[in-house]
Each structure stands twice: as structure tokens, then as C-alpha cells.
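Take this structure first; my questions come after.
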Amino acid sequence: MKRISLLVVGLLAAAAAHAQLQPAKQTPESSEQWFPVPRIVTPGKGLATVSGFTAPSDAIVLFDGKNLDSWVSAKDGNGAAPWKVADGILTVLPKSGDIQTKQAFGDYQLHIEWRTPAKVEGSSQGRGNSGIFMQGIYELQVLDSYNNVTYSNGQAGSIYKQTMPLVNASNGPGEWQTYDVVYTAPHFNKDGQMIIPPYITVIHNGVLIQNHTMIQGTTPYVGQPEINPHGRGPIKLQDHNNTTSFRNIWIREL
Amino acid sequence: MKRISLLVVGLLAAAAAHAQLQPAKQTPESSEQWFPVPRIVTPGKGLATVSGFTAPSDAIVLFDGKNLDSWVSAKDGNGAAPWKVADGILTVLPKSGDIQTKQAFGDYQLHIEWRTPAKVEGSSQGRGNSGIFMQGIYELQVLDSYNNVTYSNGQAGSIYKQTMPLVNASNGPGEWQTYDVVYTAPHFNKDGQMIIPPYITVIHNGVLIQNHTMIQGTTPYVGQPEINPHGRGPIKLQDHNNTTSFRNIWIREL
Amino acid sequence: MKRISLLVVGLLAAAAAHAQLQPAKQTPESSEQWFPVPRIVTPGKGLATVSGFTAPSDAIVLFDGKNLDSWVSAKDGNGAAPWKVADGILTVLPKSGDIQTKQAFGDYQLHIEWRTPAKVEGSSQGRGNSGIFMQGIYELQVLDSYNNVTYSNGQAGSIYKQTMPLVNASNGPGEWQTYDVVYTAPHFNKDGQMIIPPYITVIHNGVLIQNHTMIQGTTPYVGQPEINPHGRGPIKLQDHNNTTSFRNIWIREL
Amino acid sequence: MKRISLLVVGLLAAAAAHAQLQPAKQTPESSEQWFPVPRIVTPGKGLATVSGFTAPSDAIVLFDGKNLDSWVSAKDGNGAAPWKVADGILTVLPKSGDIQTKQAFGDYQLHIEWRTPAKVEGSSQGRGNSGIFMQGIYELQVLDSYNNVTYSNGQAGSIYKQTMPLVNASNGPGEWQTYDVVYTAPHFNKDGQMIIPPYITVIHNGVLIQNHTMIQGTTPYVGQPEINPHGRGPIKLQDHNNTTSFRNIWIREL
């Protein structure tokens, strides 16, 4: 009961503050966009089922199936990355926290393969949820979006709570999927404003889903995109409490 | 205590709705962005105080101080525009509704001058509020933002509830201000998605405040930007119940 | 001799005209750009060597190895496409002329695989030269650029005589190569100027080589890019007198 | 007949050079673009005839009519700027060389006023020719383009020998004209390629003539645009041997 009281006090304080022209409380739902629903496209067979692709010669291989030497825990950016590596596959260890690359990046081309659990559990945002954060900040959503209703700007391939994918090119649960990403970093001015915003292009299982999409700012679960100046940053993978897997991760600095 | 119960019920209801995967209620506050606060720039003297500029030879003069022949009521897009014309100035008639041009436009350069009431009444969004809607849909905010605290993506020069201006170049209440706008229209595909989004550049009182800003979608008071396909559209001016004035409005089709 | 005289008369006339401020003669070399030389990247093994990928479900398959039913001769846009189909492969029939799709396109994602002759003959622009024309107009260069010196804005992956590729990701002669292209069409105004230019992104053998590159205009062998308004247009493949081959061509309208 | 022989020899030499895969000689004419001819727009009266505008509060005033304290000779980037200041006006001293700002800039908004000689002398590129170089490198052309035939990508408001202005909004000889420029700087990668190209928007006498135009590279008199990595750079004004004048120059760092 005490907890409820504290919560309520907080809410009332926020409401009062609003009367004084301060930011008011936001809910998770307030940044959901449910329409249109991206049209379903079945990706070509082959691309997602073939393994063994190798990286271009100038790529930095971030995960080649063997270990997490290129990664650290994102909790402090320092400790060992706590996720599981087995059979050449990297899998989220639920509640262990996000992991991120040791190295920080600016403009890049990123290839990453991911797979949501074959056994479907949960629904909407609870199914195979993870995420890939550009420069550790801007989330490209990973989700099992195969026959799974959720808000459009939260489905697989969305810039989370900003821009839905052009189409839904998802493979099914337990199947490997690919993201091929082109990302250019934002440039900030002295005022902390974005003079050149970040842009992202994403090909999902061989199908274009984001084309030179401007990223508005951060991609929070609750609230509006925020603009927070930053320099180079790592690739961060999200622990969203689902056992989503990854493999064959490489990056080319542009 | 009753209030608390109601609040808690509301929160639980929202959670329940979410569990059913429906779009939940959004509040006006949920799309406000309060930080950063655009830095204040005092515009150069002269530009805003000189009247008598004439339009380029290929411009369509939308208001030359004489009448509203180029405008209609936005209620039905048909009836006479109900605002006041006096002394060469067009002024909002509160509660008469928005007005819009008879003609519809695609890509254009727009010049418009506006003035908020000299006598300051109200605060935040209640001070000299009006708006200029690109193609009748995307609002470039008009507001008395001179020493007036409000959310950054709602102040003068913002793409309403999307993108704050780079700086605050506002003149004071009762002073004329200029917007010079470059706008290119969006292109939609068969799915109703934006293949090419609208872009806008705005110079406020001679100072750049939006530079090739991508417009995400509609600019509602409550909720997320929506993507609704459309063709050419009018310039629409908003009746927000304040007696904001306009003059010297012309447009060049690009 | 008569022909020479006529030629000379023409040239002199042009020169005279120039003295009167008319366009002067241009040479093929005048639009070559030799520096920088794009850095060589060896593409990942696998992607180029695997056949049998299939197209996404919403793709229009332009060539599936069987016939040229989707193509016509580009000479008149009407007659049968004269190139050779054998063993699931489409090969240029030298001196038979360009071919183009029956269907015309606007914004699209294009996948195409190509192979220059295993036996190297000729050099520079004479080795495995062909081209893929966006909307029948803007050439994405096809060339054997493996250990083959030529001007940078004429090598494989260049927007011909405009923009060189970011890197040289070529496979060798006789090896299959892929282009994955994202293209958005230009929009012209009444004056015949480009209000929105065409943009192109190209991934060559899995490696980004053009990132949202603005296309300046036409891509002629001699002279500056020209701006000529047009609507939808076909995919055109070039007969440059070399027996370059193609397979697995599909397009998705965006 | 001798002339014909020489011509033929020249053509054969060019062909031979090409066979050796060397960059061939380029002529000034080879980068001229004569069509389309930008439509003539008469700018609004007032804007160009009013003097006494002052700069925004955050602007760096580069020339306020008094002296050249902010400028140096561009010959060595060090010596005193040799042009003439009289009656609040800065005028090119022919054959004294270009001048440039002491300060270097990245992204900016630039306001500059210029005037070609009232007495028309010369023609085409010889009439009131000067130029404003973004970051000391990319030329925005200054020319008397009032009833003056020249190549379109060389007239006033062109990105020299790259992109012609959307329209010709020139005032006449002896009249003041304004450029309002928004420029964002390029970003280069380790290979010396442009990952983010420079973009420029130009309003000429109140009329949009360049809208977020991508700059391809350098703007030479002879030859193709070149890509040469650089950091911040000055505003440079060109001595093209004509007594073109300037006044009221200010810049705002974005």
C-alpha cells in the first residue's frame, strides 16, 4: 500500500507540475502507432536458410560463433558479456542484461542474423523480443512478428516507436532472419541540436523495409524521442527476457 | 482516497487494454518534448519591421491586404472564409473556424507574415496560437514564443509535436514576423506508406529554424503522427481562438 | 571524302557557334574521373557463389532462367529481345542492341546477378562491359573491374560518369556477382527541372557501394548529365559488345 | 585543308591517349550544361532595394561596411585582403586575387549582398563574374545573369559547372542582390570518399534557386568535380577581374 501511495504522490506531483507548464506523465501506449499495418511479404527462400556466408574482407567480425571476445556487459560497459554461446550461436540469457561491442562505431554497414524461439510463448511485444541499438542508442526492433499482432512501430524492423517497416518480411519462429543495415551517424551542434540526423536503411531477409529513414532521436519505451548529443557508440543487443538468438555478426566502417 | 482508487482503476484498465493488444488512450502531454529548449536568437532589425515587400513575378498572391477571395472556410472547403480583413491585415475571428486556400498545392515556396496580439493574454499554448498547415495537413506552429514557456516541439516554428525549431527567433507580441518556407510534398505507395516523405525548410525572421526536416506524418494534438495518403492540398490557417493576424502571403509553385 | 567534309563543316560550325556563346564540343574523356581509386574489398564467400535464391513473394520476376517473355528490344521498345537464353542464363548477343522490360517502373528494389566472361579479352571499358539503366535512363555500370584499370566513375558499380562506388567489391571474371538496388524516381516540375532528384543505393556482392546517392541527370558517354523529364520507365540492359551474362532478375515496386 | 589535318591528328591523338588508359585533356566547354535554360523570375521589389538590415544576434558579421578586418588574401591565407572598401561597400580589386575570411566554418547560414557593375562590359562569363566559395572550395556563382546568355550551370546561382539554379531570379546590373545560403559540410571517410556530401540551399533575391542540392565535389573551370577531404574552411570571394561589389555579409554557425 505504501508503494501505491508513493506512486500516487508521484503522479499527483507530476500533474501539479503540469499545471505549471511542466512535462506531464506519459504512458507506454502513447507512442504506439497501430495503422497502417505493414503488408506481409514472404521473403525469398534461400537467403535466410543458407548459413556459412563469410564477411567481406574489410569487415570487423563481431561474432563468428566462437566467443564473446568482442563484447561486454552493457550494464557498466566493462564486465564480461553474460549471454550464452553454444553450437556457433549466441543466445540471450534472460535477466542478465544487454550486451554491447567493445568497439565504438560511427557510420557503418552491419550484417546480423537472428532467430526467435521456435516454441512460441507470449504474444505481442512478449514474443522473441530483442533489439539492435545503433551506436548503443537507436533501436532497430527484433521481434517475432510472424502472425503476431502488435503496434506497427513496434514490430520487427521498426525504428522502435518511430517508424514502422515498409512491409512485414518476417520469417517464422525458429527460423533464421537477416538484417542488412546501412547507418550514418548524427552530427550535433553546440546547442545540442541535430544538424545532420542519423539515417538508416534496412533490408530484412532480402526485402527493403527502411529506406534512408531519418531517426528522430532516442527510441524509449515511454515518451517522445529525445535528442542527446553523443559521439561514436557500440552496437548494443537487448535482453528483453526472451531467448532470442544471433549469429554471423559483422560490421564494415564506411 | 476515491481519486486514488479511480486513478488505480484507470491504470489497471490501461494495462488490461494493453493485454488485449488494443491501442490505448493517449494524452496531449504524451507527445510533448520539453528538452532541449531552443536557444534564443534576436532576429536582425529591419526584416520584420519593413512592410511593402512585393512578391516575385511567378508567385500566386494569396493575400494582398484587400480581400479573402483566394480563401474559403475549412469547415467544408466551400463557404466564405469568415476571418476579418481590415487595414490590409487578416485577423483570426475566434471560433469561426480555420480557413484555407481555394487552390491546392504540391511543392512550393511560401512567404507569410504573422503577428500575435500586442496585449499578452494567456500563457503557453494559449498565447497568440495559430498554425499554418502544409497541404492542409502538416502544421508549422504559430505562437507567441517570446518569453513564453511551453514544450519545445510546440513553440513557434516547430513542426507541431514533432520537431522543435533549431533556435527561438521570435519577435515580441504585436510585432510582425516572417516565415519563409520551402516544402516538398510526400509520395505514397499503394500500401499507403510514404516512399518519399515531406521535407520542410523554414526561415523565421531571417533565421534558419528548420533545415530539410523530414515530416513524420500528421501533427495531431493527441497521439502519434499518422500516415494518411493524399494528393495536392491547400494552405490552411488555424483558428485557435486567439486574434493572431497575417499579411503579405504568397506562394511559388516549385 | 564527302563525309569528312561534312563532318568538318559541322565541327567548324560548332566552333563558330561557340564564339557566339553556344555549347562547344565535348570529348568522352572530359567526363572521366580517375581519382580517388575506390579501395578493393573482397566480398564474402558464399553470397556470390550460391544459386537458387528465390524472389520475395511480392516481386515481379523479370528473368527466371527460362525465357525473355518480360523483355523487348530497346531499339523500338517493341520487337523481341534478341539476346541468348541458355542453361538458365541470359547472355548479351553482341551488336543485337539493348533490351528492356516490357513493364515500366517508378520506385523499386531490384535484384540482379551478372557475370563477365571468364576469358578476359580487352581492357578498361572493353572488358565485360554492360549496364543496367534505371527507368531506361540512368546507368549503373556493369564491368569486369577485377584488376582492370579504368576511370573511377566508369568502373563496376559507378553511376556512369557521375559517382564512383565507395569501394571496389568486384568478383573476378567468370564469377557471378550481385547488385541489390534501391531506387526512387525523380519528380520534375513544369519547367523541366528536378524538384526531387532520383536517389540510388547499391549493394554489390553484399557490400555497400552507393548510399542514397543523388543522380544528377542522364549518364551519357560524352557530355554532361542532362535533365530530361520523364515518367515511369523500364529496366534496360546494355549491349556493349561484350558477352556479359545475367540471371535471377527480380524487382519489387516500393 | 591543313586545318582539317590538324583536327584529324588531334582526334587520333585523343583516341591513342584513351587506348593507353590515361586521363585525357579536358576543355572548359566539356563541363558546360546549356539546357534547360532556367526560367526568368523577377524578384519582388523591396527586398533587394532596402539596405540597413542588421544581422541576427548570434551572427558573426563578416563585413559591416567599415573594414576588412575579418578577411585575408587567399593567396597565402595570411596577407591583408587587398580589395577596396568605400562608402560601406566592398569591391573586387581586379587582379589582386581572391580574399577569404580569417575564420573557418563548418555548417552555417550565410547572408551576403552583391552587385555587378552598372556599366555592362563583356558578355557571358565576363560580365560581373565573381563567386562565393563554401568552405573555400565549392563555388556558388556570382554573375550578371540579367539578359546575359551563358551556360546554365555557370549562371548566377549555379553550383558552378554542377547544378544550375531552379530559376533565374537576377536583378539587373548595378542593382543589389541577396543570397541567403544554408550549407552543411561534407563528412569524409578514411578512404577519402564522401560519406555525407555537402548540401546547399540558396534563396536569391527572396526566390528559391537551390533546394538541398547535393554538391558532387569541387567546382573547377576545367574538368570533373573532385573529391578532396577537408575540414572546416573559410568563406572565399573570387577576383574574376570584374569590379563586382559586396556588402552586409554575415554568417551564423548552425
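Points worth noting:
In this document, chain identifiers A, B, C and D correspond to the written order of the chains, with residue numbering beginning at 1 in each.
FYI, a residue touches a chain if its C-beta (ideal position, glycine included) is under 8 Å from a C-beta of that chain, and two chains touch if they have at least 3 such contacts.
Please read these numbers as outputs of a predicted model, since none were measured by experiment.
Contact with both chain C and chain D is made by A, B.
For chain pairs B-C and A-C, the one joined by more C-beta pairs in contact is A-C.
In this assembly, the chain whose C-alpha centre lies farthest from chain D is A.
The pairing of chain B with chain D is characterised as same-residue: of all residue numbers used at this interface, over half are used by both copies.
For this pair, chain A with chain B, the centres built from the Cα atoms lie 33 Å apart.
Centroids of chain A and chain C (each the mean of its C-alpha atoms) stand 36 Å apart. Inter-chain spacing, taken between the CA centroids of chain B and chain C, is 44 Å.
Along chain D, residues 39, 166-167, 184, 189, 195, 211, 254 each make contact with two or more other chains. Chain D makes touch with chain C in their complex at residues 4, 7, 14, 17-18, 21, 23-27, 29-36, 38-39, 123-124, 149-151, 153, 162-163, 166-167, 189, 191-193, 195, 197, 211, 214, 216, 223-227. Partner chain B is touched in their complex by these residues of chain C: 107, 184, 187, 189-190, 195-196, 253-254.
Against chain A, in their complex, chain C makes its touches with residues 39, 41-47, 50, 52-59, 109, 111, 166-167, 169, 180, 182, 184, 199, 201, 203, 205-208, 211-212, 252, 254.
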